[in-house]
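We call the chains A, B, C and D, going by the order they appear; numbering starts again at 1 in every chain.
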Amino acid sequence: MATRPLGGVLAPIAALFGPDGELDLEKYAKNVEWYANSPLDGIVVMGSNGESALLDEDEKLRLIDTAVTTVNGRKLVLAGTGVESTRATIRLTRAAAELGADFALVVTPHYYRPRYDAEAYKRHYYAVADASPIPIVVYIMTAYTGVDLPASVVSMLARHPNIVGVKDSAGNAVKFAEMVAGTDDDFAVLAGSANFLYPALCLGAKGGILALADVAPAACVELRDLYEAGDHEAARRAQLNLLAPNAAVTTRFGIAGLKAAMEMIGLETGDPRPPLLPATDAERAEIQRIFEQAGLLARV
Amino acid sequence: MATRPLGGVLAPIAALFGPDGELDLEKYAKNVEWYANSPLDGIVVMGSNGESALLDEDEKLRLIDTAVTTVNGRKLVLAGTGVESTRATIRLTRAAAELGADFALVVTPHYYRPRYDAEAYKRHYYAVADASPIPIVVYIMTAYTGVDLPASVVSMLARHPNIVGVKDSAGNAVKFAEMVAGTDDDFAVLAGSANFLYPALCLGAKGGILALADVAPAACVELRDLYEAGDHEAARRAQLNLLAPNAAVTTRFGIAGLKAAMEMIGLETGDPRPPLLPATDAERAEIQRIFEQAGLLARV
Amino acid sequence: MATRPLGGVLAPIAALFGPDGELDLEKYAKNVEWYANSPLDGIVVMGSNGESALLDEDEKLRLIDTAVTTVNGRKLVLAGTGVESTRATIRLTRAAAELGADFALVVTPHYYRPRYDAEAYKRHYYAVADASPIPIVVYIMTAYTGVDLPASVVSMLARHPNIVGVKDSAGNAVKFAEMVAGTDDDFAVLAGSANFLYPALCLGAKGGILALADVAPAACVELRDLYEAGDHEAARRAQLNLLAPNAAVTTRFGIAGLKAAMEMIGLETGDPRPPLLPATDAERAEIQRIFEQAGLLARV
Amino acid sequence: MATRPLGGVLAPIAALFGPDGELDLEKYAKNVEWYANSPLDGIVVMGSNGESALLDEDEKLRLIDTAVTTVNGRKLVLAGTGVESTRATIRLTRAAAELGADFALVVTPHYYRPRYDAEAYKRHYYAVADASPIPIVVYIMTAYTGVDLPASVVSMLARHPNIVGVKDSAGNAVKFAEMVAGTDDDFAVLAGSANFLYPALCLGAKGGILALADVAPAACVELRDLYEAGDHEAARRAQLNLLAPNAAVTTRFGIAGLKAAMEMIGLETGDPRPPLLPATDAERAEIQRIFEQAGLLARV
């Protein structure tokens, strides 16, 4: 059991590679140390923004180990352990627990998605939750997986005592309302992107896992704090201010944009792994302009 | 110019047909009279729920005439005047203005949508707005048209002085935030369905055009009032309570479900026009159950 | 009953508008006369390429009248009579029959497509076929309507004695095989685009309704003749040669591209109706280049 | 270099697991031996039907080793070596070459597909082709990956001397024509499913990789032979006869259906790996009925 409940503002931190394309764990640890001293509630190792899909299994274990050791209990650590087969997902989830992760974030299997119905997802998530020493968070990332688990399936999964939350990266307000309405109060519905954090909180979300929090943790935490303080008009304005920088590090320029923004604020960074391409100079200039305009270029 | 600004809770009222399949304007006027005495801010004649796509042009004019005459200034009256060609849209919009409609709701042309780029939409809406004596509201109904005008195009359209609002029926929280951020404060962004009215208001929407308001106007207005009173927790709970009844009269059972619910509360009703099929007995029972459970079966 | 069976190479001819945006029936008749003297088997008045969606009902009747009168029995004349409501589709189909059209081409209703299941389509097409004095051809145009009637529904529709064929504009080879396998030999499965005419014929299609036949009727007929003569290798090469010009007048540049190509070969033409935009000069030059390279710029 | 050119009828054979969920290589070898004695031109180890996405990397190597050793030069052996990262794809492709595979079948990376443009795919495939001792076959499997490389990108990839073919599993006749038109004669365009093998061959495809060939190799080879003999009408009828059994082992019942059909004809089989579910009894009965009706239940 995690000592803290799931929720708050979490950063799905980036994997770091050296010029040879291999993991650079030393630089990775430096970034983790910075996040551990930030106002964030926690980090996610190997979310989609952590290039999970491009990492070997042994690399994943080294990243979890480095992150857990560095954080050393100061923040929540979620480990992305979902892969295509139930069997390998269980193996990786158990290893993450062994290494000290607080929660496992398990993306929906998707390759054979025309074959995966509600029953298949139930069996998969229940098998993983049964086998896992740490609580499971369901991860819905439709833009990458093509799978949009409906709220009714999320409700069904939430009935398992070891499935404690869901992250959904699409800003479908109706579905967020349905997920909150269809689960108990202690089940954590989490926004998967900062561009809809405020309306998600209004509907009952417990927080979010936000790529933007990788580069603007204070601004993301401030939005949550404004909401919690009941200052809705300020929260609304803060939300509108985050739209452009959030798009720059997600839908517009992706992981390459995120890594470019990391460099701008002084974090360790590097190129993403192929077939991902690095940001072009024109993209970097545009990202810089957007972050400056939003007042988010505070250096580390 | 409308004497009242665009906004608030509006009902896209149903068209009514007799057993012979022809318009029944007498029964239609009875319903309009009831809406005119309700707490609603206005009605929409010939939204999608008004079976606009199944009506002949002369039928549309008779519906507008009946609605405007019956309302007699007590509420806003919007007329759905968008059809595929710019030419016919202008003709119908002018006729609606002549008949006394306050605003024209103009759905995106869509049949040749692979050919309609931002420039084509700009020329279309500007031509209609230039030619129209009454203000234009852009209508985005992606589930039916396959067209999702991006927020950047909405911003461009909003620069025309005679284009005063947008209704979007998809509950994309990010896009609502972007539309609010990209338009002036006096431009009315409107929710197109009651299942995301609360988060839309939180983000800065001016109200909504809600099929659910056809059968539960008081509940929809109450949600808006709770929001305006700053009672966010009550508004949130009201929002969650409206999810199931809203789905029953929209995504789950469509216009047939809406007409079945109208019958349950004592409004005039009838079958939709083919190829729309009427609700089955099982669907009616399910709708009844849902409305009872939500406490929305108050009779007219 | 048509005196000739449905099949062969048919051209979905363009509507013509004058500088004032109104129909120019005189120029239209000139084009029809040219088609009537071509090797084509017939023409379609008001297919999608005939800007059916942008025409008023009375304009449609005048186009049918002009086409039937001009053709005067030399070719098959199909009239596009499908609109959204069953009621108006029947009215228009009866009028087309009265005016002398041989067949009615009835596009799938689509605005309320989330509500239209197989039963709704069956009732619609059976009602139209029951009421129509002329045989019905089902028209599937997924790119514009978002509706892809599955082969199983086509089989069901084909059981009605007055539904005699289907035009499908998507080049899904599996579905063409399924439609042929699921219907009787006298039911005409028709290719809806010249870029898959040859494989469609190989699978048992009876011909095609081809935008490219508006500007290159001889080349389209030659491909069919090569197939019928059993010269598969020549047919295959002819098919590959038609890919680029076909794309130029359909998926790449649409009706604007088609009208530009019509001008190049000397047919009467003009701008499409807004919101369709005319071809740019760059597009015209590209179309010219493509047609020259394919050897299709024979003048009228 | 493979001693035989790429082409003909190839079977993407199934992986086999014991009751404990682990690979059963002994049974796998028995099946391979049967395929090696069939009229097939070759087999694919770890196509999508070989549950590639559910296998660990070391399992993949053992399957390739077993297949190559068992086939022992009697047929072509293709190894599915595509994974998400360029780095791991190269590692696996080199290992497959080392183990004796003739070709590597490399599925499009897809997880970050909103970020993968033509340039990213070019760099990926060129890097793999540069590093690989054996020729590369591009694998487009849109139903599972959400990626549909356009014909123009296939043409660009085909210019690399070590990229020798493409398998596309969607039956888009236009795209097959475009791929043939856009590549040299010695580049092998392959059908990815038996339900459009005949039209693909008509358009110039060199053969196909067909799940149906796992359970009906003779029927698939016969269709190809009829085409090559110029007996188009018999080939067409053979194609129509294969539609239902092909759907049963692919789109309708998936890998579970394929394994059920394998059992029916006497091959070694077993359950697929979770989250794939095994076929239900009702599905098995339906598959049996379909194969009997098509005359395809010849026992091994």
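Operating definition for what follows: contacts are C-beta pairs under 8 Å (C-beta built on N, C-alpha and C of every residue); 3 or more make two chains touch, one makes a residue touch a chain.
Note that the structure is predicted; figures quoted are calculated from it, not measured.
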Type of subunit A:subunit D copy interface by residue overlap (half), same or different: same
Subunit B and subunit D: spacing of chain centres that average the CA atoms, whole Å: 50
Mean-CA-position distance for subunit C and subunit B (Å): 35
Interface hub residues of subunit A, defined as touching at least two other chains: none
Topology of the chain contact graph, where touching chains are joined (line, ring, star, complete, other): ring
In the complex, subunit A residues that touch subunit D: 21, 48, 53-57, 84-88, 109, 111-116, 119-121, 123-124, 127, 143-146, 251, 254-256, 273-277
Complex contacts: residues of subunit A adjacent to subunit B: 171-178, 180-181, 193, 195-196, 198-200, 202-204, 230, 232, 236, 239-240, 243
